[in-house]
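The same subunit A turns up in both complexes below, where it pairs with subunit B and then with subunit C.
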Partner chain A sequence: MIEKYAVLYPHTKFHVINTHVRNIDGVAKVTGRAVYTFDVKLPGMLYGKILRSPHPHAKILNIDFSKALELPGVMGVVTGKDTLGVKQGIWRRYKDLCDEQILPVDKVRYIGEPVAAVAAITEEIAEKVLNLIDVDYEVLPAVFEPLDAIKKDAPEIHEGFERNINVTRHIEWGDVEEAFEEADYIREDWFKCGGQAHMCMETRCAVSSYTPDGKLTIYHSNQSPYYMQALMAGVLGIREGDIRVISHYVGGGFGGKFELDGAIFCSAVLSMKLRRPVKIVYTREEDFIATKRRTPMYYYTRTGVKKDGTFCAREAKVFTNGGAYTGMGATALYLTGFFHSFPYRWKAYRYDGYRVYTNTLPSTSMRGFGAPQAMWCSEQQIEWIAADLGLDPIEMRRKNAHHEAYVIPGQATIQSCGIQQCFDEIQKWIKTKGKLPKNRAIGISAAGFMSGGIFNWFDTPYAFSAAMVIINQDGTVELHVGAQDIGQGSNTTLAIICAEALGVKVEDIKVHSGDTDFCPPDLGAWGSRQTLMAGNAVKMAAEDAKRQLLEFAYAQSGMNIVYDLDIKDRWVHAIARPERGNDYTELVKKALRGKDGHRIIGRGYYTPHRKGMISPAYSYMLQGVEVEVDEETGKIRLVDSLTAHDCGQPINHLGLIGQLEGAFSMAAGYGYLEYMPYEDGKLMNPNLVDYKVMRATEMPPTPVAEIDTYEPEGPYGAKEAGEGLTNPTAAAIGNALFHLFGIQIKECPIKPEMVLNTLKEKREKEKNSKK
Partner chain B sequence: MEKRLITLNVNGIDYELYINPKTLLVEAIRDYIGLTGTKRGCDTVSCGACTVMIDGMSVKSCAVLAVQAEGYKITTVEGLEKDGKLAPVQEAFLDEGAYQCGFCTAGMLMSAQALLNENPNPTEWEIREGIEGNICRCTGYNSIVRAIQAVAKGKYMEVKS
Partner chain C sequence: MINDFNYLKPGTLKEALAMYAEHDDCKVICGGQSLLIIMRQGMIAPEYLLDIKHVDELNYIKFDKKGGLKIGATTTHHAVEKSDVVKANYPALVAMENKLASIQVRNWGTICGNLAHADPAGDPAPVLIALKANIKVGSAKGERTMALDEFFVDYFETALQKGELVLEIQVPVPQPKTGTAYQKFNLLESDMGIVGVAASITLNGNKKCKEAKIVLGNAGPIPKRSKRAEEFLAGKALNDDVFTEAGKIASEECEPVADIHASEEYRKHLISVLTKRILKKAYEEARG
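The block that comes next holds the complex of A and B.
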């Protein structure tokens, strides 16, 4: 906390916040005691498997599973006909965007789509029996690329969607034409951004148990138990309250686990039919071909600037490969358009996004939520413009960057913003690097991200986040949250906030999360929302409980009411005279007696109001990456990096560092490793031999320069961290290649052969022009 | 195939199992013995989530049959702590935040421990190579490297009294 903020916000002297706190779930995780859905075994449990479509587009004419039922050990088979046929989606407010039957009744739209599901007494039998199910398909013409799918004569994937356009998004401010008029220089480029697999180490899995009393209990690896509960109620035709979703430990999410998947749906349908628990675990291959992925995009962007580098106008058109269904892809379409403007002030800006259905794996949210694609294009083009105009790329960015109290017309108000300090840090770092070896260069990229979305297309009637704090007689605390810990450490972050607000120690707090029966509804872990939103709810709940305690302390103390009492570190005291005080546990006991034994319960909620169109707060960052390229092979190696990062007041220090390092590895993977090649709708590398992710030997050092800011909307000044940092890295790598060879690579992930080919082309061009 | 009676020594305890000889070691550990700390993350021996130690060396338990492990000392993540006290690698992982979702952690700890068994003073590069076979999608590995370095530096050495 820098001095300015300490003066403005004197209550920011912390006892717990930003200290070294071990993750509160750590012991369970390092000893193997943590039970994931993958580990759940219930009495009488059956094992399910899913039969998947081999065709990218086909009508299901008939499914014959009579032979399958004869195999000993097979307990049952279900198809779309056993379901209510509800077309579901996460954009519940918009009926036509609810377009996915998890077990389709009459048509499949991508290779790998579920067609039938079986349950057997062993997984082996379930696997074997899939071969005994006969499906008659009428194969239909298919289309795989958005620019083909929008053609007039392209096959129709969903009825009534002209030219296969699923959703469009328009963002505009200022007079774009006029602002382009003012520009001295205009540049336009086309880019292509690939997909990316979430590749959670725990594949999609679920155990569903339906009992004769009409109740359904589901263990499921997900990012939002409340979403699962609500969506399952919709597709199964039972009440939300009759469904319990448990998901205590989750082996990764990254944006891929907050929609219904085949595992949860098929296991539930089987269990309802057979009245036995059914477990379905996806194989790694299924996880690759039949979940969802980062949205591939075609980007056209045109940018106008003045000679001195002042940004005037930008116009972008984007066509995304939506794949077969909508999912969260509609949100990614919006966010990519918004973050393509980030983190700069444009006098005028226009974005038109088209999400196009194709016969491929549906695409959706993935860490960064459309912004990594947006930055890949934007930050490279900006680097090229600076070079075209002979300007310093950092100074040009600096001049146009957001600042505190900047209003993005009609979209957002920026409260805290530390981007200027980020520029300083990276400039210093580049200086210390001095002259680099011949095959190395540094690339930079700026980015920013939201701290939770303000939108409610899910149409929840509940507050976005909620928390309940219950104080036991010995002073220990039960903290119930709907926020979901998927590894990012939200349980720990929220325990820290609770401990700080209540004035106790982290070890006094037990966090209850991941169970819809015992936790308040909350939208869950996506869009970087939990630190800010669930954090505010927890702070409110803890303060509510504390106020109830302090009433008794005041009554007892006989103090002048102008003095304030507080609790810190389990010590109840007058703020003016901290040395004089009482033990917190004693106070709790007295307060309980004073309340006739009623428990002390604090409640907290958070729902954003009047916070613009996107988010209540934004993180900012600038990243520098030192890249080495082998000119013979085109192979890229990351040598070093520095990230300057403004996430407001850090809450959970260890968690923050981990999030930033983890984001780097995923973002770098998107930059140069993680290709998803399709041939006729078939993913060609659905395994971990051919789909490369970062390994320990590929990671460069990832130090972080933390920038101090204070976000008024966040709990204790905190905002987003960990998702936004997926945004800059691909572009930073691209920019390093630009500085190394002068090449402009417009497609990511960058393959070695793209480096070689572009380099060759450039050299030939140079040779020819010399002739 | 005919089932066989085998004895596996896991974490110092002999378990008698009556199993199909095709059963993988990871299946024997998880499904028969019921130690679910060891995970699975792939079907191609690529991820390391299933790593255990056999006689102190790291082995991917999805790459060996249970019957092949007979007669050896198998250690899983559950066997790292002694008398309720965590092993140095476990303490170091906690201090460095060398895990997030925790799904790779069991395998990662076993690779780390096996590396340290073999080479108590590894260089940073040797550490990275030692865990190269283990994918972690969450942490970006650097915290794991720091944790292993801390153990190698003796930070968690037992104070003998």
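The block that comes next holds the complex of A and C.
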């Protein structure tokens, strides 16, 4: 909020923030010069391929690859026996949740799990040779659905996990029973939420190069080079510092690329054995069947409200399909429970989540991180409750929504919240829409999201984010960040923050990211953390460097000490006398001389403290979607939309709009297009013909009404954007169907056949009750 | 991964036919839009590919009021879609092409390649059959022409014999007072249809149906005419009730197969809805 900010700091006017800044990686990308892992080619490089389990659950009795080694061009084969057999996981603090050997030694737990990896002089040979590896399996009974897997007699997937329950999570505040007593109306529903593939344009890929001096260099497509470095050190038994991970350009992540994958692990194991660089690139099919996916969930939710619409209590129970391993699923389990309460004030709230192992593709984090599921259920049930009570659904939400300074008991303190203005915007929009054609309706859904997680299950001793700013003699700036640009534009965002804080132009900043040898450790790009956390670190580093410069400027100026100096737009000046000043580049040169040539280096870091359990800050939004349904076929078309969106002070306008568009398409896909059907543990549509992703022709207009707020914890008042908007759309579509036909669809994605069947059922019921 | 193959590039049709006769385990490639997919999936691994894309004598669209329309084998979807004579005389073909795949696929893929691929979900076949098209095929030994209706044998299988190429599609000039229309049902615009229906109606006077053709796409192993629905319509005065009834008959007559996108029952339902709608559209067009 610029005005409010201006009251606090009357001299402030942004020079760079939220101006029209082009993506700083844009030229490299559109000219094809950006080198992705996929493009990396090293001298002497071999090509690897992975043999995968055809069984959902089986013991590996024996692997015979003698025939494979005879094929000309084959350089080597590795199996679980060539590894240290480390069970790894990203929840490093909790040993029992480190449950995945990427090349399992004795047992496979899902179709597509790696069993062996080969390296050959060409990719063709590597692929061909897979057929020459004989694996003896003892097939075990398998189970695919969480509600089956928790049964007493279900097959045991991991030893020591009773009823296959992998993790449980409990959240509670207030006296739930008492609060339900106060309710005039209680409603309970069961929902089912589907999985979703991350569908990155760049599939998982890695090039590992181990050299006889004991150093390992890995090019890898990921969201957190530091995580990869640390996790690889753990599984390979070498020091973090001896591993360099390079990820300069990444073709998408969406929550699926910050755990180890088969490409990085197998290429490294092969490279260490063969002492040559090895490249592994997943095919699209492998990316579908052998990475991880959004967590499918069964949701039970019971909600009590007063006649006037005041929310009293909510109680939810969730069973998630965890698939074969933990991954980031434990975090998704917590976050879905937390965001199921969002963005409302509940006197009492209780959530019990159970993550259940099954013999399917592991589930994990994906953009929205448990919240799209939470909102799909919550926002529909709230809409139905409003209808049951004859209340205006927006007004009922408004009455119960979070506000500034609200404390979610034991969980979080809300410092900025623009949800009320969101309600206003959407109400206005609905009014301007007027009367809709007979086959159309508008559905709305509220949502919110975190700006980076506070949790440290990774057990890092480092700050959550760090940055370093080095100023060159010509005024150009080297900005080193551990934050990872995965296409979301964080390099640009951080350059903007750096330029603003230092008082220079964006083109003065060179961002160094995606290389563990040259960038400070940072947890990386997930949980919407980088703008706030890495942004704060960058701001601190730039201010540190600026302070060092200004010391010289001050000494030179001979001014009275009550005057403050600043730099804006390369202009060094007294704040009270902005017209009187000096050139920034000149100052840099003088400062360098004055320091005996010692470089000016600013350092910054960010680790959240005393910010509750979840996140330092939360975004808020309300979305309206106009939906058209063909009543005879059940086909859904999205006609129009408006999103009212509070992300604090936007840093990068163009980037923000791009992120929100992308989030909309992913969210809409989750709502009505993207399904992952399994038959006996086998994914039935692991290709882009049968897996339906929104295309340009399916996208409705996605305008955004930006709500002006200021988040005290964020850099320049900024907070989350781009992930949270994955949350509301599915429910908004569901709510539109409810208003159109009065049907309540409890399973997503909503397929046209479901629409028809639900409609038919409802009409039959009505007919019968008339009789 | 695509297997290694030997690449044959004929300059003329004659050369192409000779090469095709000479080489066993040889596949024709034109735009490659269907072929390369199944090669990459490892479903086929031919030793030879015969590339006819540049055999220019097969790249044409011809029309005259007597003989009708002739489309050569290497003519792209794009050329058909943008052709003025097609626009003027066979608007249903243009409408179909507009929604076939993406611009990139249409720029390179061909309508004959689409037919030779014999995917039951292909869009051109139902429309062309409704328009009573013939297909001309030929080998080094000679040429023959058959009704397109008889060209399809089974899933991805045609009446082409060894050494035979598709040479040309021939579409007669529609009778006066004829309307043709096509619609597919899909989840993403320009996807292949979950089902599709083409219909042609020729009127006798203003309301009465002289002749009807109804062709169902992806409702069985090959594009299939709903002959019972056609018979039902012949001679009837047309109205919404009649279209609805015809839709029901068509849906009873077809045998679609369930998959992850739609159950058998739902596909049948879609056939009845689409048939009804498309008959109405063809009828309105026939009335002009």
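Everything below uses one rule, namely that the second predicted complex is superposed on the first by the 760 of 771 C-alpha atoms of A that agree within 3 Å, B and C clash if a C-alpha of one lies under 4 Å from a C-alpha of the other, contacts with A are read in each partner's own complex, and residues count from 1 in each chain.
The rule we apply is simple: a residue touches a chain if its C-beta (ideal position, glycine included) is under 8 Å from a C-beta of that chain, and two chains touch if they have at least 3 such contacts.
Predicted model, so just to flag it, every value in this text is computed and none were measured.
Once chain A of one complex is fitted onto chain A of the other, the partner contacts of A:Pro752 are limited to subunit C, with no touch recorded for subunit B.
In the superposition on chain A, A:Glu240 makes contact with neither subunit B nor subunit C. Of the two partner chains placed by superposition, only subunit C is touched by A:Thr633; subunit B is not. By the touch criterion defined above, A:Thr697 lies against subunit B and subunit C together after alignment on the C-alpha atoms of chain A.
When the two structures are aligned on the shared chain, A:Asp189 is found in touch with neither subunit B nor subunit C.
In the overlay built on the shared chain, the residue A:Asp82 is in contact with neither subunit B nor subunit C.
Within the superposed three-chain model, A:Gly252 lies in touch with subunit B and out of touch with subunit C [touch as defined at top].
By the touch criterion defined above, A:Glu127 reaches subunit C but does not reach subunit B.
Where the contact sets of subunit A with subunit B and with subunit C meet, they give residues 689, 694-695, 697. Only residues 123-124, 127, 632-633, 635, 673, 675, 677, 684-685, 689-690, 692, 694-695, 697-698, 752-753, 756 of subunit A touch subunit C when the two sit together in their complex.
Contacts from subunit B toward subunit A in the complex involve residues 30, 35-44, 46-47, 49, 76-78, 80-81, 86, 90, 93-97, 99-106, 109, 125, 127-129, 131-132, 134-145.
Considering their complex, residues 1, 4, 185, 187-192, 260-263, 266, 269-270, 273 of subunit C touch subunit A. Interface residues of subunit A, counted against subunit B in their complex, comprise 20, 22-23, 25-36, 38-39, 199-203, 249-254, 283-285, 486-489, 654-655, 657-659, 661-666, 687-689, 693-697, 699, 701-702.
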